[in-house]
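Letters A, B, C and D name the chains as they come in the text, with residue numbers starting at 1 for each one.
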């Protein structure tokens, strides 16, 4: 089990290119995050939880799908940690598992309104499914 | 002058006007937008994970097309531009990603990020020049108070986009002034509108969009100006009671060709 | 050079007293590993290194020679490292002409604060020299034991 | 033939842990010239040194090789030991088997093998060593202090107190530096001006101290004890010796809108000005970029109103040349520019200010006469947010911030917060912090008082974005302990900007050949044991030019630097470095190659008479090295085409012997 978590942790760190150990716990990422209120785990928690290997709760959290990828945290982090990239990697770790897509093409019609631009659909599918 | 043009899926469907105005205005400014043949959707968002190769290939293909024509690659949609620029940057800086992407592409000559990626706004500022834009204005928009809305995709991540100061940008304001209108500065102009989350969690998008429109209204703006169809959708959908307009439309109006475009 | 029948590159490193030797000390203080192939000779300034010394090292079986001095503008003696840079550019191109690959010789600027850089440079240089194999071009067989 | 003793140190387990010291001393026993070889736990200890001294006597040694730590650590120690044992100190060589061997290798076999080779190289060198005697040079008994802030002031006063003349060079029109701009000092809250200005007056009245204000160091030549310095006294267009500092001109000057740098541009001064009331020297200065008379020849009002006749529009920059025995760098610090931190809206709102600006806003002599008023509308702020670590501990991009902790911000922010709450109890004060760092006497108690007695709201977290909205500043940040995102509608935001060394420090360091770290702070000769000396002999460090520090620390370092200077100036003669170049006159062909490369001008040519065959003589031009000026870099030895020039202590044959030993 320990080994499994370690592998997952290494995988997340590798594909995100983020070194969570550089974080100095200042919380600037969360201070600036527009999706903060919708998130159960906030950007700074993603960083410290990945660092400590506490990844399971993240994988099961809806917070994964609330990140807007607006990169505010990436730009403002004083240590160059880039939390958004880490969140993306955790999300991929979740949706890449068989049958774990957060949204599929079948879910879309009911959510659709006629003015919504294509770009929102492709973005959401890309973010939420594999 | 000729540049390669990547319109993107939304400009072919829900945002046809954004595209039409952009083409007409470019003509007036002496720029030919040559649409890339057989372009494919950029995917809407750039996946930052370094092992995501396939999802970025459509961008690489477009970039390589522009390279083969020895042209800069221009897009109008903020999202397309963001994806193209980030992909290009990855091709320049991430050796492993570049070699894997090139393996898929099977080009005669490997693509290594040689193409210059420009947003239409950058084209106006850096290639045409806002002074030249101002010269073409026949219908100056005097007295209009316009609030530029950047959103997130145009400016961030700054280390890659390098478009403007990400916290205090001026590029759209400079365009507004060149068109003879007054630029209104307001705090939420570079905050996110809620983006694609609108699909899943409309309330979240509503809250974010309202913050933006209220902030612009408090600054006494008459119009909000944007470059992104999704921003426009979110702001309008969520009760903006001021008009949200594409920057190309405003240009067309100032150039006196708005009717031609709609024809 | 051959050690117990195996090729192990021998690196002679000339370090100036003020910056690079201190940088090497810092590498030690920080326990930054670099290969034992590297043997350091202290000189007051990188400009003290006579091309003769380098030729001598190659003649006696060294496989690579590296010179480390203060960064340009930081020389303790104001301009010594500039002399080094010019002299070594000439010497190295001559050595290259003689068949001593230019990868076997190098000038690096390492400040007293750059212990990590010193170790990294030595690792990288040793690896580069190891790739080239043994240097026999200038070796003087009369010096062989 | 030398009789060499080899002494292998264990350095406790530092060396013995990865090097078989017994094997090393055994292996080196058989090297040529070695008559004795041993090992001991701590060679540098009293007992270890006695072991060396006794061995010298017992075995009649002429040379010593110590296999130990870096020569930068203990070469001097073992040279003294040699002298005590009655042999020349320069007959000692160190094989660095700690930093270069035991500390970087983990394998005993490899470590031992390398240690033996390093030992052999040192033995090969000692075999060719010759006794050296250092030369002597005189000491100019005058010190130069560069920078007139509290560091420079304290250093100068202490040196003058010991009876040596001192000159202070200050780029601004007055001494006083940053401390003069500060309102109160932590943790005692005494008024900065009340403790600084008497010291400034002391400086002005001390007949051992000369102040060159509005001046810059232009050139430094020479070496410890004998520096030749050129100082540029910039034209201030006022005769310093005549001006009485009455200030009439500064009231009458019609150019009223020149940003006042002393108040950080928050109010205006005239084109002719005295920075502040207690300035030393209290002399007016004309700003040539603002003065109409200097720019266009139209005005001349100040000359008309000056009853003393001190105004001189024709004044030119003046170069002063002086000799000094010691130089102290005290160039200080500045807050970094906030231009790159637009998320904090510094350039978008006048009500976002830096902490130094806050000092001026609360100072009775500041732009608001000490009333805390918002720069934008002059209203009293009711909600103030302090943001710490703006640009400090910032690693993401070097052009934006600084990687180091600026050290003083936690304390001055606590001070600002406390003083605000004390003076204006109707004000809410918030402090965003990452960590509160308060190591120092009575420092943490001070910070706790701000929290407990003054009810300052400390929030663990960082501000992400500040947006001006109406006349408020919306401050968005995170409260990590409560796991909340906060928005505070503040009236005023104060940014604790990181501090950086003054821009003049880098060119000065080049002139002094003093080294700097990557952040442009001066490096000390030893970070722990020689903290106030630069590695360049005769150059000393005082205050924040060496690293961020507060006032008490600055003053202690300033006095420490003064003590070092006094120690130097108290000597009549300095013993030089005997490792200098020497020309073999018989081989010298008089080509002047060495003279051209010498950075110190230590080489001259003399005509000398030589005996030739058949009882004839000939006059030949040969190189001659001045050992007091030569610094021993060795550039000349390589330039010499005939091999006549060599460097004592690093002779060609010695280095070649080392090469041979290593390559064997």
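Following the convention adopted for this analysis, contacts are C-beta pairs under 8 Å (C-beta built on N, C-alpha and C of every residue); 3 or more make two chains touch, one makes a residue touch a chain.
Note that this is a predicted model, so its numbers are computed, not measured.
C-beta contact counts were set side by side for A-D and B-D; A-D has more. Between the CA-based centres of subunit B and subunit C the separation comes to 53 Å, rounded to the whole angstrom.
With each centre defined as the average position of its C-alpha atoms, the distance from subunit A to subunit C rounds to 48 Å. Shared interface positions of subunit B, defined as residues touching 2 or more other chains, are 159, 166. Multi-chain contact residues of subunit A, defined as those touching 2 or more other chains: 37, 72. Within subunit D, the positions touching two or more other chains are listed as 343, 397, 465.
Applying the touch definition to all chain combinations yields A-B, A-D, B-D, C-D. Residue ranges of subunit D in contact with subunit B, taken from their complex: 341-343, 345, 347-348, 397, 465, 467-470, 474. Residues of subunit C that touch subunit D in their complex: 1, 10, 12, 18-19, 21-22, 24-25, 27-29, 31-34, 36, 39-45, 47-53, 56-57, 60-62, 70, 73-80, 83, 87, 111-113, 119, 145.
For subunit B in complex with subunit A, the residues that touch the partner chain are 8-10, 13-15, 41, 43-52, 55, 77, 79, 151-153, 156-159, 166, 191-192, 194-201, 204, 207-208, 229-230, 233, 236-237. Chain contact summary for the complex, subunit A toward subunit D: residues 22, 24-33, 36-37, 42, 44, 72, 76-80.
Those residues of subunit D that touch subunit C in the shared complex are 70-72, 96, 98-101, 103-106, 110-111, 113-114, 117-118, 121, 510, 513, 515-518, 523, 535-536, 579, 597, 599-600, 631-635, 637-639, 647, 650, 652, 655-656, 658-660, 662-664.
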